[in-house]
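Next, two complexes with subunit A in common: one pairs it with subunit B, the other with subunit C.
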Partner chain A sequence: MASENLTPTAYIQHHLQNLAYGKLPAGYERADGTVVSQDMWTLAHTSKEASDMGFWCLHLDTLGWGVVLGTIFSLFFWRTAKKATAGQPTGVQSFIELLVEFIDTTVKGTFHHANKMVAPMGLTIFVWVFLMNLMDLVPVDWLPVAAAKISGNDHLFFKVVPTTDPNATLGMAFTVFALMIFFSIQKKGAIGFLKELTLHPFHSGKIYIDIFLIPINFVLETIALVSKPVSLGLRLFGNMYAGEMIFILIAIMFGAGAILGIFAGALQWGWAVFHILVITIQAFVFMVLTTVYMAMAHDTHEDH
Partner chain B sequence: MNINLTLIGQSITFLFFVLFCMKAVWPALLSVMQAREQKIAKGLENAEKADKDLELAKQEAGKKLTEAKSQAATLVEQANKRASQIVDEAKAQAQMEAERIKTAAQAEVDRQVSQAREELRGKVSALAIAGAEKILGSSVDANAHNAMLDKLAAEL
Partner chain C sequence: MSASLVYFAAAFLIGLAALGTGIGFALLGGKLLEGAARQPEQGPQLQTKMFLMAGLLDAVPMIGVGIGMYLIFVVAPGMAA
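Right, the complex of A and B next:
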């Protein structure tokens, strides 16, 4: 446990709170009793403060780790791509090419249109999401404790797995959603896109019947459309959050005596092994679904 | 677990990495892989071609060999023929030579026989005269009895 005087509940809550940097309104009474004299941007000291910041709040840990891991991915692949030769590939290049080949085959299997963005997006999603998920395998206390020691603040909130933050997963999912709508309109035109939303799944061909069907179709199709990014984001978030939660629960056991501690060690090892599968599968699922949604956006003659 | 500005921040980060991958990573890697694919395909094609060429060369060599063999056989046959011809010719020549030598020898023999006979004939007539002289005790006039002697010699 992070510190001995924490109750399990407090420990869990501490682990589930992001490092939030946001705006507190004037007149807000902070946790330590001080009152904010005017609007100010500051780090949240408690979960309540973080939630009171409302929308104007950034999770520095989520964004930070996301950027760091994304940069690692980008630079590593970029360096390899720059040094790549058409001759006999070296170890690193072989590995990267294996990944690229894998993504390329997967994407080509579902996406049959000409678009320069979909395959690289698949690669980015797969590797980046995998790396973000991989942070889950770092024992839950290592990095938060290290961050607390470095910053000198024992109560520093620090979540290292960006994909356990719904902001991160939904952020990506809604970007995918925006791209879906963009490509839909680009491919079919605004009219075509609206037709898709209103003339499916019920369509009679007679105007006087269709008039009554259009609202029904619109409601159904809109729900179907909006549920795609929401489910995409929440699926990844849910899986990672649950996995993280179990790691935290196992970690609580470490403070409960030697026998339970050893048992917890075994449990943690087992769950970590299982989790290697989960994080890979979730990264893959996110990539495949994104590709499928892109393919749907490009399909002009959609038959239900 | 509040939905806040982080969502937009993550969106921007996501788009940035996707665009970077799309511009700087994906095309470079894919072009390298495609170039290698072509290289390998070309190499395989060349190998196949070389294989075919080798097969053709083998066939050609075989054909040449057979040709050379048959040519050699013809040559040997011709040489044999020529040799037997030469032998035959030599045989015939030798036979002719032998015949000629035989004929010459025969002629010589004949000549010597007739010569001997001539000599003998002359000597016989002289001997006959001498014998007759002895018998008669007087000389026989050779001229007087020439006719008889010639007749005698002719009878020999």
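Right, the complex of A and C next:
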């Protein structure tokens, strides 16, 4: 597809490279020898070009699939909600009711404060992340080859699963992190939030001892605070990236003769079935942890 | 030479992570069975909690496997070439 002597490593690296649209600096020597005259926004033809784009580089496939799946989710739920009838609910409506109730009880189990935004956010995160993960079950070569055919550009990198791109998962995780900080400050006030960062876990009430404890507390608390979004984002990325990588490795076996091909088919089926479980659990864990972090942000320590 | 070191690194990364996960899941599964045996009607709730913990437990080794495979398939060939 990409080139005649398609070695397994080239095949893997081709499937791991996102569709990068970014700015190449003036005077940059491209893969096919042409030199860029002035700063130019273009599609990267090789992974080296994509990495040389540095900061100014958008992964169009991750953004595109994320937006497409997001709109599918919201349109589908909105249309069903509009047509919802209490009399005789359709199959689709009862399925969505089941989902909403399941997430409502889960969120109510962990989040005991008054905030109308947390349950809908939980629903959005669960369904959106699940849809993005679901793209991983589509066999590895189908969509990229289709995209290459449609766009007519054979060097088209097309990574279909948005959650195998750390930018996407860490982006979501740090949005949750920003929300966490916002709600902490809103509920506890900036001083309350700072007090929580500096006076937990060790505090004695007497100021001259606390002075020495504050730096230790601060280091401990900041590490705990920062590790939340990082672990939240990397957990989803790690699971999906490893799952995708195994699908790619299985896909390589298809090219190695009939016997291995059939064996690879069984392997792909088996791994896909197991991966359905992994996908659901990771979406669920992402939602539950977001709810737990929101609950911790709202917890003002007075009520217990 | 350094390319083969990367393979060692990835092997340790994935191997030790798998060791930890194995022990973790064994304990988790054992406790689930004990809890379900002691109170069979709590079985389903315990199971959902177990899956939640399994999701959390899975995080670190999966990140390790992700990085390990990145080392094997992207870093090492790059260095060998």
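Definition applied: the second predicted complex is superposed on the first by the 297 of 304 C-alpha atoms of A that agree within 3 Å, B and C clash if a C-alpha of one lies under 4 Å from a C-alpha of the other, contacts with A are read in each partner's own complex, and residues count from 1 in each chain.
Rule of thumb we're sticking to: a residue touches a chain if its C-beta (ideal position, glycine included) is under 8 Å from a C-beta of that chain, and two chains touch if they have at least 3 such contacts.
Predicted model, so just to flag it, every value in this text is computed and none were measured.
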Greater subunit A contact set [subunit C / subunit B]: B
Touched partner set for A:V138, first subunit B, second subunit C, both or neither: neither
First, second, both or neither for A:A242, with subunit B first and subunit C second: second
Which superposed partner A:L170 touches (first subunit B, second subunit C, both, neither): first
Subunit B versus subunit C as contact partner of A:L194, first or second or both or neither: neither
First (subunit B), second (subunit C), both or neither touched by A:P120: first
Touching partner for A:T85 - first (subunit B), second (subunit C), both, neither: first
Partner chain in contact with A:I12 - subunit B first, subunit C second, else both or neither: second
Which of subunit B and subunit C A:V288 touches, first, second, both or neither: second
Subunit B versus subunit C as contact partner of A:L213, first or second or both or neither: neither
Overlapping contact positions on subunit A, where the subunit C interface meets the subunit B interface: 16
Residues of subunit A defined as touching subunit B within the complex: 16, 18, 20, 22, 50-51, 53-59, 62-63, 66-67, 70, 73-74, 77-78, 80-82, 84-87, 89, 96-97, 100-101, 104, 116-117, 119-121, 123-125, 128, 162, 165-168, 170-172, 174-175
Complex contact set, residues of subunit B against subunit A: 1-11, 13-18, 20-22, 24-26, 28-30, 32-33, 35-36, 39
Subunit C partner contacts - residues on subunit A that touch it in the complex: 9, 12-13, 16, 231, 234-235, 237-239, 241-242, 245, 278, 281-282, 284-285, 288-289
Subunit A-facing residues of subunit C, complex: 51-52, 54-56, 58-59, 62-67, 69-70, 73-74, 77
